[in-house]
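There are structures below to look over.
Two complexes, one shared chain (chain A), two partners (chain B, chain C).
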Partner chain A sequence: MLKSHLKLALKVLWRRPFFTAVSLVGIGLTLLVLTVTTAVFDHIFAPYPPEVRQQRTLLVSFLELQGEHMRSRSWPGYRFLDSYGRGLPGVERMSIASLAGSAFSYVNGTRVRSYLKRTDAEFWRILAFAFVEGVPFGDDEVRSGSYVAVINETTRERFFGSGPALGRSVELDGQDYRVVGVVRDVPFLRLVPFADVWVPLTAQRGDGWRHELLGDMMGILLARGRKDFPAIRTEFASRLAGMDLSGTPYKSAYARPQSLLETVFEIMRVDRNAIGILAVLFFGFLALPVINLVNLNVSRALERASEIGVRRAFGASRRRLVAQFVLENVVLTLIGGLLAFAATELAMRALTASAVVPYGDFHVNLRIFGWALAFAVVFGVLSGAWPAWRLSRLHPVDALRGSMR
Partner chain B sequence: MATAAVEQYPARNTAAAAAAIELQQVEKVYRTDRIETVALSSLNLAVAEGELLAIMGPSGCGKSTLLHLMGLLDVPSRGRLLLGGRDMTTASDRERSRYRNATIGFVFQTFHLIPELSVLDNVELPLLYRRSTARERRRLALAALDRVSLSSRVHHYPAQLSGGQQQRVAVARAIVGEPRMLLADEPTGNLDSQMGDEIMALLEGLNQDGATVVMVTHDPRLAQRAHRTVRLFDGRQVQ
Partner chain C sequence: MIRHLLKLVWNRRRHNALVAVEMLASFLVLLGVLTLAVTYLDNYRQPVGFDYADVWRLSIDFGESRHGQGAEGGEPARREQVRQVLLAARAQPGVLSVAAADPSPFSQAFSTRDYDDNGRRISYSTARVSDDYAQVLGLRVVRGRFFSREDDAASWEPVVINERMAREAFPGQDPIGRRLGVSDHGHDSGAPAAAPEAERRVVGVVAAYRQEGEYDPPANYVFERQRLDSPFGTTLQGATSVPRDFLLRVAKGSTAALEERLVRTARAAVREWTFSVEPLPLARDRVSRFYLGPVLVVSLVGGFLAIMVALGLTGVLWLAVTRRTREIGLRRAKGATRGDIRAQILGEILILTSLALLPGVALALQLPLVGALPVSGAVFAVSLALSVAGIYLLAVLCAWYPARLAVQVEPSEALRYE
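Take a look at the complex of A and B:
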């Protein structure tokens, strides 16, 4: 029966090529926007290397200090993370790393900007970077404050051309660093691992950074499993409740270990209200083409009133008819979904080629294909259910007369 | 109004005592916002198993309405409808659908074939609503098409056939599920007399094989070939 319905669905679509094309354009554009959005989200949040353990990673990315008449909120500093983030129950590893900041060099007389991130040795154990040369710096280099660096392939190319970089020096902000490793480029939008150059936290003049409660660091907590998240958060909150703020104008502190998604929302100031507005916009965006397709379906159904009458006469129940017409609509939206998926691949290639996002490697994959498929099915069911239900309610006699009463 | 006698047609495999179709004081009223139209009024009628019944009358007298009621495509406003002794007056949509699928075959004046489907697929249609395999559906559809002498046209589409051939496909579709009852609404109305005779011969053959056939017609020649003729006028049985 499914084969018969599918065969008929395709033939019905072919009966009115213009209407079908108009429908497909509308469906395809809607699904294209959804699929491209999904692909960008996938690019930012999916557990790609080096963030292969992202599912069990929590980030401490902000600290809010509240005083009597003031409030400070910023990325946390080393002292805060070192004092309150270590030794949490259920945490397998903990790393402290800075945000990627700018560092400048002169290469062949040209000023070059690189993104530099300061990390400890645990950073390399939590994140699975792909090394094309050398190894990461270890505990000894961090402890001794060695001026060593891991660089990405683009930086190697920029400084050393096509040759190897291991053992050679890169100069950043007037400081020479010996290259101990080269890793594959990490996209700019990967908040936690992204940089051009990674150097030890301790490889800097002065140690003021060690005493900062607020700064430009993030704590990376690798839990044993997601089930440990609540205990980690509870213990962290308890530690903050007893935080020693003497000598500061603050009376209380608030911070929370968060997932990457929560962290990005936090950075973008996306709160519950914003999520609500986004949801409304999303469904509004989806609703317009759905309503359009519903109208098209209802008007096209008039041509099929006789068929509905015949099917009812020969024993099709209303439920069967609903299933048939929803299936037909899903076939249409699946075709639109496939077109949208193909167009998404082209859009992703164009986005990658445009280099709007440094080291962006936008592409489609099975996961995005799955989402595109799911969008198409949901879209098909949403836009097909009402017309199908209406058709199924047609009186068989009226339907046989070709009437939509 | 007198109830028509439930005759028996033993030569046509009709052992059951109950009438194939029985209408008791049936009334059908169509209502719109302001207008009420009585299509059938106080109708009592019994059709025996294996009978070939013709329904005649002027346009708008309720012939098709009567056929739709018999075929469970519509429900009476009053009265009772029994099929094979079973009261179907208040049956649910699902029950009616199942009963139609298992027991009733329809032949329409305008054929009502689905233009996008091949002859074979059109004939298979009633079987889609049964638990039968694709192979079984195909076998039964080919047998039905063979019966109406259209084996050579199975992969044609309705638009590629003449009117007579299309109606033969419609007959094949009506009989593919081996229904006990065949309801034909002016089955020859769109055909010339020769093709009309062919279709009538088919219906007679099916009746001789045991099917109860009820046929709405304007054609007295065809009505003469029925076992009995019921005449309607203004929604009432007049003969």
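Take a look at the complex of A and C:
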């Protein structure tokens, strides 16, 4: 039965090539937008190396201090993370890393901008970087404040051409660092690991950063498992409640270990209201293609009124007709979905090649393919249901005559 | 004629309703996209107020974040060190003038304040700048004067505002010498919160100032004075944080060699800090990308939707015409000309479009009525007009091919149809 329906569906689609093409373009473009969005999300959030343990990682990415007449909210500083973030129950490892800031160098008379991240030795144990040369800096180098650096392949290329970099030194913001390791490039949008150059937190002359509650650091907590998250958050909250804020104008503090997704929403200032607005925009965006496809489907269905009439006259149930029509539509959207998936692959390649995102490595995978199929089916059912229902309501006599209002 | 067409549209209401809903949805999407685009264009054509072509930013990294207050007791020493750095930078050949600014242009850091003026909320962005700032950035002072040594002896704090602020805070009055309200609420994304404010008086008005450049929406702006001479970096309320961003006007055609020399000189003056130099045009490109990215994505998606809707409508109208071959044939046989047929098909579409746009425009007009309009009235009016025109254009374009098909129907052929 299903097979004959499928056969019929393809036949029907082929009968009106122009309509099929118009529908496919509409379906394809809609699904393309959805699939590209998914692929970009995947690029930012999926547990690709080096973030292979991302599923059980929490980030302390903001601290809000509340005073009587003022409120300050920012990335946390080192003192805050060091005093209140260490030794939480259920946390296997804990690292403190700065945001990737700019550092400038002058190589052969031109200016080179690198992103510099200051961090500790645990960073390299939580994240699984792929080392091309050398090794990460360890606890000893961090303790002694050695001017050593791990650089990515692009930085090696910029400073040293194609040769090996191990043991040579790079000058950033006027400071020399000895290269101890070279890693593969990490895409810009990977918030936690991304940088061009990683150096020890302690490799700086001033020590103002040690005393900051608010600053430009993030705490990276690797839990034993996801089930430990609630306990970690509870303990962290209770530590904050007892926080010593004497000598500051503040009375209370708020921070929360969050997942990467929550953190990125935080940075983009996406709060609950904004999520509501985004949802409205998203469905608004989806509504137009659905209405468009419904329109086309209704028009097409009119053509087949006499066929429906015959089938009704011969006793086909309404439900069966609805199912058949929706199935036909889903077949159409699935074809559109496949086209969209292929186009997404091209779009991702173009995005990677354009280098809009430094070190962006956009690609499609099975997970994204699965999403594309799911979008196609949902889209097909949404846009097929109403025309199918209208068709099934046709009176057999009217339908046979081929008239429909 | 129009009543007759209305009747024809009404007779096929169930079919037409769907098309109308699609047009309505397209109209709303188009209105959204166009409002965004017109807003950007409107911002773009307004003056930025400063000239950043040969201006560089020298930033000092004290080895702590922007929230750092400096080690206790370190402030006076730090001020002296910053002064040394500035002297060294100013002495470099190729550097014409130097000024402090916090936040500086294209820094994506903002300090905003607002105060209550007899029930009106007046909000503004603010920056603390030094006397030479107007000269370095080529600000045009239209009233009064910019900060100068004259302000050293004043018992109140001088401020310079932009014309927009002057219009809003002191409508119809001469702002010079007037007092600025004390803000009770503020937000800083860059520098730490300021100390409670002393009495502030307006000493000058600059023509325009939009900190983040061409795409930054015009806003009220207030400059406060940062002293670079002795007593360095102090205000009436006592010490403020030491500025870390400085703007340098350099000779035309200066190259990265000067950048490198500046960084080295600064580093020679104070060993433990790090310094970076970035030409403002580069910073501007970075900020522009930040502003333009969302617009690009929205326009791309909007373009996709437009193509889709156009194809869809063409298809639907085409089928509608095919189904009415007999009716059209009959009219032709009774003497209607090709022009009559074309007018009928296009007329029906225009009427349908108008019916769809009526609720759309009514809906859109609710925004200014409830005061929820996020853009200026003029921008919204232009966007609304463009959207209406756009939908009519889309409808006519989509009806063009089906109408041609209808016109080609031969009476004889149509009458023996089926």
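By our rule, the second predicted complex is superposed on the first by the 392 of 405 C-alpha atoms of A that agree within 3 Å, B and C clash if a C-alpha of one lies under 4 Å from a C-alpha of the other, contacts with A are read in each partner's own complex, and residues count from 1 in each chain.
Just so it is clear, a residue touches a chain if its C-beta (ideal position, glycine included) is under 8 Å from a C-beta of that chain, and two chains touch if they have at least 3 such contacts.
Owing to the predicted nature of the structure, the values given are computational and were not obtained by experimental measurement.
Engineer: Look at the residues of chain A and decide whether chain B or chain C touches more of them.
Structural biologist: Partner with more touched residues of chain A: C.
Engineer: Have a look at where A:F314 lands relative to chain B and chain C in the superposition and call it first, second, both or neither.
Structural biologist: After superposing on A, A:F314 lies in contact with chain B but is clear of chain C.
Engineer: Using the touch definition from the top, say if A:I291 reaches chain B (first), chain C (second), both or neither.
Structural biologist: second
Engineer: Can A:G109 be said to touch chain B (first), chain C (second), both, or neither?
Structural biologist: Second partner only.
Engineer: Could you say whether A:V378 touches chain B, chain C, both of them, or neither, answering first, second, both or neither?
Structural biologist: Neither chain B nor chain C is touched by A:V378.
Engineer: Which partner does A:L302 contact after superposing on A: first (chain B), second (chain C), both, neither?
Structural biologist: Touch status of A:L302: second partner only.
Engineer: Given the complex with chain A, which residues does chain B contribute to the contact?
Structural biologist: Residues in contact with chain A: 68, 71, 73-74, 93-94, 97-98, 100-102, 106, 108, 110, 112, 114, 116-117, 121, 124-126, 128-130, 134, 173, 177.
Engineer: In the complex of these two chains, what residues of chain C are touching chain A?
Structural biologist: 12-15, 18-19, 21-22, 25-26, 28-29, 61-68, 70-71, 188, 192-193, 255-257, 259-260, 263-264, 267, 271-278, 301, 304-305, 307-309, 311-316, 319-320, 323
Engineer: Looking at the complex, which residues from chain A come into contact with chain C?
Structural biologist: 18-19, 22-23, 25-26, 29-30, 32-33, 70, 72, 74-75, 77, 102-104, 106, 109-111, 173-175, 204-209, 211-217, 284-285, 287-289, 291-296, 298-300, 302-303, 405
Engineer: Taking the touch rule as given, give the residues of chain A at its contact with chain B in the complex, in rising order.
Structural biologist: Residues in contact with chain B: 1, 3-4, 7-8, 11-12, 15, 306-307, 309-320, 395-397, 400.
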